[in-house]
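As structure tokens, here come the structures.
Both complexes shown next keep chain A, but they swap its partner, so chain B is in the first and chain C is in the second.
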Partner chain A sequence: MKKNKGMIVLFLAPAVLFFLVIFVYPILRTALMTFFKIEGVTDAIGLWQFVGLENYIKLLNTSLFRTAMANLGKIWLMGGAIVLSLSLLFGVIITSGIRFKKFFRAVIYLPNIVSAVALATMWLQYVYNPQYGLFKTFFSAIGLDAIANIPWTDGDHKFMALLIAYCFGMVGYHMLIWTSGIERISPDYYEAAYIDGAHKIHQFRYITLPLLKGVFKTNVTMWSVSCVGFFVWSQLFSTVTAETSTITPMVYMYMQMFGAGNTMTERNAGLAAAIGVVLSICVVIVFTLSNVLLKDDDLEF
Partner chain B sequence: MKFLKNKFAAVNWKKEARLLPGYIIVTAWVVFTFVLLGWVVCASFSTTQEIFAGEATKLPTGLHFENYMKAWKYSNVSEFFMNSLGYSIVSCIALIVVCAPAAYVLARYTFLGNKLIQTGFASAMGIPVIMIILPLFGIISQMGVLQDVTSNKVVLVLLYIGINVPYTTIFLTTFFANISRTYEEAAAIDGCPPTKTFWQIMFPMAQSGLVTVTIFNFINIWNEYFISLIIASRNETKPVAVGLYGMINSMKYTGDWSGMFAAVVIVFLPTFILYLFLSEKIIGGVTGGIKG
Partner chain C sequence: MKKRIFSILLCATMIVSMLTACGGGGGNNESGKKLVYWSMWEATEPQGQAIAEAVEAYEKATGVEVDLQFKGRTGIREGLQPALDSNTVIDLFDEDIDRVNGAWGKYLMDLETLAKEADYEKTANAGLMAACREAGGGTLKSIPYQPNVFGFFYNVKLFEQAGIKEVPKTWDEFLTVCEKLKAAGITPMTMDDAYATCVIGYHLGRYVGEAGVTKIVKEGLWDDPAVLQMAKDIEELASKGYFSKNVGTNVWPNGQNVELAGGQVAMYLNGSWLPNEVKATAGPDFKWGCFAYPALNACETNIEGAKATGTEANNFGAQVYAINKDSKMAKEAFELIEYITKGEYDAKLAEMSIGIPADTTNTEWPELVSCAKPVIEGSTTRFTWAVGVESNADMTPVIKENFIKLMAGTLDAEGFVKAMQEASK
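== the complex of A and B ==
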């Protein structure tokens, strides 16, 4: 096709400009900020005070931040195990040739389009309510009083409650990623396996799973990206500021920078920026690890 | 009758029986989802006393529409709602105007930096918002725009657009790449300039992709929380998600549970209605944006 430089530049300019202003410049500046002590976010670079790696060291020595990272790790690992296995199960069921496939798929994905604030409120104010809540009424109706009487929103159970509610909202999204992978596998494989006498479970173990490696990687990446941004749920589930059972790095950073009454540490935007960099590094590590551990085979399908 | 009989015979009962465990699992999940949403809708029509008496679903005193009236009028929900609607619509239109031409050029022309831009956009989708918010907030508060309602709104819309540029562009690039080149070749032979070819031929042809990505952007922007929380600090500029959070907090003191559930319903209703009619397109959009 004939090149048309003027058109290329004109068509690209607005999108690239947005990208530079909203992503590239802030990322570079945030990375730079981590090496300085900065009184206010609006301070000009001239007012920044170089401190080297001190922000990172300080951050890793702050017990509240460590708690936040530990919580995030737990959400990532436990939630990831729950969400990815449950969504895989649903993906397999949905593609197994059941009736009303579209209906089931649509309803399982539904929580993802509901505002997280609304969804978290439904869980908190309805499902977990100790008086009229769904868990309370359901489990006492079937005689499991031990579960019915769990005070879901008290300090000891809050993290579990948060995790369950969050997983419920995320399963649908990951199910869609799984199904798109499963549907790309040619039915010939299953036919051949069926003729050779492999039953459903064997087919799943030896055909579906190995061919889903690439999709698994996508799932892990997406899950990690959404975990790192874990904020709304935590904010809604904690009744007091800096509640240790539900705090995540992003909540910690928000309290540091924008929250009222940040008495826990000194005002330092460099410290908050360091949190961003630590989280970004986590995403990169997970991404690299999953690429190395789950090498794409030459398998094409 | 005969048709029905055939249809009945067509059901492979052996196969269905084999799938039974699968049916049970997904049905249980679906029932739970419906109970959750259904109860909240019922509660929004009942009264706080009924909710605490466990009678929210029985609605013994009829439908209380006044919960909605109260939430809409006195709790600022109407203001938040209109803000969100404005933000979402303006941002969605702007995103198409900004991203469709860029995506087209990225999909069709080879030039220095094409690959770089695409890689950059793709990686931006994995960047945590915490990595960009500090400088952005710095610039914005330095410009002093947060004091003025209108400029505060403009800045918010610009942020919503910028945040969604990478996803929208990548999505549309894949879409344009899949449209045959023959149309442009024919137009070029007829002497149609490339810019005109894009707007008059390719843009309309990409309609289904544009619609899908717009629904997606609409839902994302409607539900966006973190950026709005930081940039929209006053009631006049708050979108629904942030407004709802404030309402829930104040509700703890006023004890108006049914009003709160009404507000929850108002917040999720727009995206829910979109989903009701366009779920297939939305589901296609989820997997279209990611490469497995």
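== the complex of A and C ==
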């Protein structure tokens, strides 16, 4: 077939144009913004005030931002361990040939289709309520008063409360990714292993787990991306103004971009952009690390 | 060849249609008689409903078409400035007095002449007009409506039950009131996380004034004796059991909806929008009372320019209307402002939202908020939100968390001051 360069250009042009305008331009502009002090995010470039690396230095020196990063780190690590292991467990159970598979899968996935606002309200106003909450009544009823009396929503326990509520909502999503990976593994392997005398746990350890490396990588990346964007839950767990126990970098970014709470505070879209860049770098690092540490190209199945 | 021309034509049409689709949406003022109004309310809120009625009446009376768009709080907070920067036609918008004048000051039209021509101030609240001029840097750039005031709201029945005849004006009287309530088996007060900073702001503000509070939080002057005294006062309230035992765990609106409106607790520091917010849980028999944050005994302070305040200084404010300085329909926009903030529709807005009327000739306040009348009328000095305690965004979360612990009694006064000093290093 004769190549027609003009036609190629013509057909590619709209897509390339949109890619440049919608992806490349904002990325470049955001990166550029980090070197300026900018009051309003849409201020004309003429109003930007060059400050060099000051925004990054200021972030490093702000203890609240460090707290936010530490909170994010804890959510990523602790929440990741909880969510990925629980979802894997559920994924394995769901694909093990149990009855009512579709029903259980739907139930576990259900929190994902309920709005975060509704879920958070349920947790805060009902489950954690110290007077008549679910935890209070349930643990009192079974005699575990020590757990029943935990003040879940005070400053010392709010982070845990947030983490539990968030993980509850995320398990279903990651379970679906795991099940798709497990279902890809041919039943022949399990049959062969069964004939050789391997029981379920052995099958899981020596067949399922190694063959899920690639899916694990997907899960870690998806988890990291959703963690970095941690915003709504943090907002809902700290009414009107942020709190140290639940603040995340995205919340801090919002405060810098649009002002915090009801008082007019200083705004700096350049600083907010710097937070965006820092977070993107974090995701890239996690992604690169998981690519280096989890090589799955040695397996073919 | 034919095919080629055809495909080129198709591509061109696609690109053109894409570009036109992107470019549209902005200017819709070709007719010249369409007034665009971005509102901070939601269409379903009482305020939104009342405003929609006023706009409809205005359209009928004048023939001016109004494009009323309800954006909601976050919608306007995040979207207005980018829209104005990209030259979207917006003639009129509203938000809180300090946000409009502070964050969006450069987009505002000076309204002095329009106000004078309409003799607007004849029936406007003088204190609020002065507040608007102050916020606008000495000139009138916004028109207040939906006034509100922040004070202690209380359950009159519980006060009567405890034998309290008069509202407290000083701190000692306040402590007596708390003691009487406690003796009668009533929890004196509660607080929600959302408003915790207002308590510390008010208390510090009574000792050192708003300028002093702002200085403390911005410059980290937490070692000032007034801070420790404030913390000790709150510690005393906590240790004497004057706060509800849920004060450390309350997530808004548990304190106001369950504890206060449910009749478990007597007092709650909040804005005059409170009776409207909790009316469903409080029920029709709930009788509201209101008093200004009490005056405190004199206290030593080293802060330059610090000035103690009494019950005459309060956080009162309003939503305000502002007109885009580039608006071509400023006159019509001002007419609409008058429609909403004066006479019939101002009264209607107050009635539907159980709020305070802006028009001074609307002397009849909705019954549920009439208790706040003495407080607003006795206010001569204006505090901004939380008396400036939230003016350092990097400190607010730390202040909020530790102050809640102080109220809950899990942190003592010295511990609070230490936490603040460490966080502001």
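By definition in this document, the second predicted complex is superposed on the first by the 268 of 301 C-alpha atoms of A that agree within 3 Å, B and C clash if a C-alpha of one lies under 4 Å from a C-alpha of the other, contacts with A are read in each partner's own complex, and residues count from 1 in each chain.
As a working rule, a residue touches a chain if its C-beta (ideal position, glycine included) is under 8 Å from a C-beta of that chain, and two chains touch if they have at least 3 such contacts.
Just so you know, these numbers come straight off a predicted model, no measurement behind them.
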item: Contacts of A:S280 with chain B and chain C, given as first, second, both or neither; value: first
item: Touched partner set for A:Y109, first chain B, second chain C, both or neither; value: first
item: Which of chain B and chain C A:T244 touches, first, second, both or neither; value: second
item: Partner, of chain C and chain B, that touches more residues belonging to chain A; value: B
item: Touched partner set for A:A269, first chain B, second chain C, both or neither; value: first
item: First (chain B), second (chain C), both or neither touched by A:D145; value: neither
item: Touched partner set for A:Q131, first chain B, second chain C, both or neither; value: both
item: Partner chain in contact with A:T153 - chain B first, chain C second, else both or neither; value: second
item: A:G97 touches, of chain B and chain C: first, second, both or neither?; value: first
item: First, second, both or neither for A:V41, with chain B first and chain C second; value: both
item: Chain B and chain C footprints on chain A, overlapping residues; value: 7, 10-11, 14, 18, 41-43, 125, 131, 258
item: Residues of chain C touching chain A in the complex; value: 4, 7-8, 11, 14-15, 18, 77-78, 81-82, 85-86, 96, 98-99, 102-103, 192-195, 197, 246, 248-252, 254, 258, 384-386, 388, 390-398, 400-402, 404-405, 408, 410, 423, 425
item: In the complex, chain A residues that touch chain B; value: 1-4, 7-8, 10-12, 14-16, 18-19, 21-27, 29-30, 33, 41-43, 89-90, 92-94, 96-99, 102, 104-111, 113-119, 121-123, 125-127, 131-132, 134, 137, 173, 176-177, 179-181, 184, 200, 214-215, 218, 221-222, 225, 228-229, 231-232, 235-236, 249-250, 253-254, 257-258, 269, 272-273, 275-277, 279-280, 283, 287
item: Footprint of chain A on chain B - complex, ascending; value: 15-16, 18-19, 22-23, 25-26, 29-30, 33-37, 39-40, 43, 51-54, 56, 97-99, 101-102, 104-106, 108-109, 111, 117, 120-121, 124-138, 141-142, 159, 161-163, 165-166, 169, 181, 184-185, 188, 194-195, 198, 219, 222-223, 225-226, 229-230, 240-242, 244-245, 248, 257, 260-261, 264, 267-268, 271-272, 274-275, 279-280, 282-283, 286-287, 290-292
item: Chain A residues touching chain C - in the complex, by the definition given at the top; value: 7, 10-11, 13-14, 17-18, 40-44, 62-64, 124-125, 128-131, 151-156, 237-245, 247, 255-256, 258-267
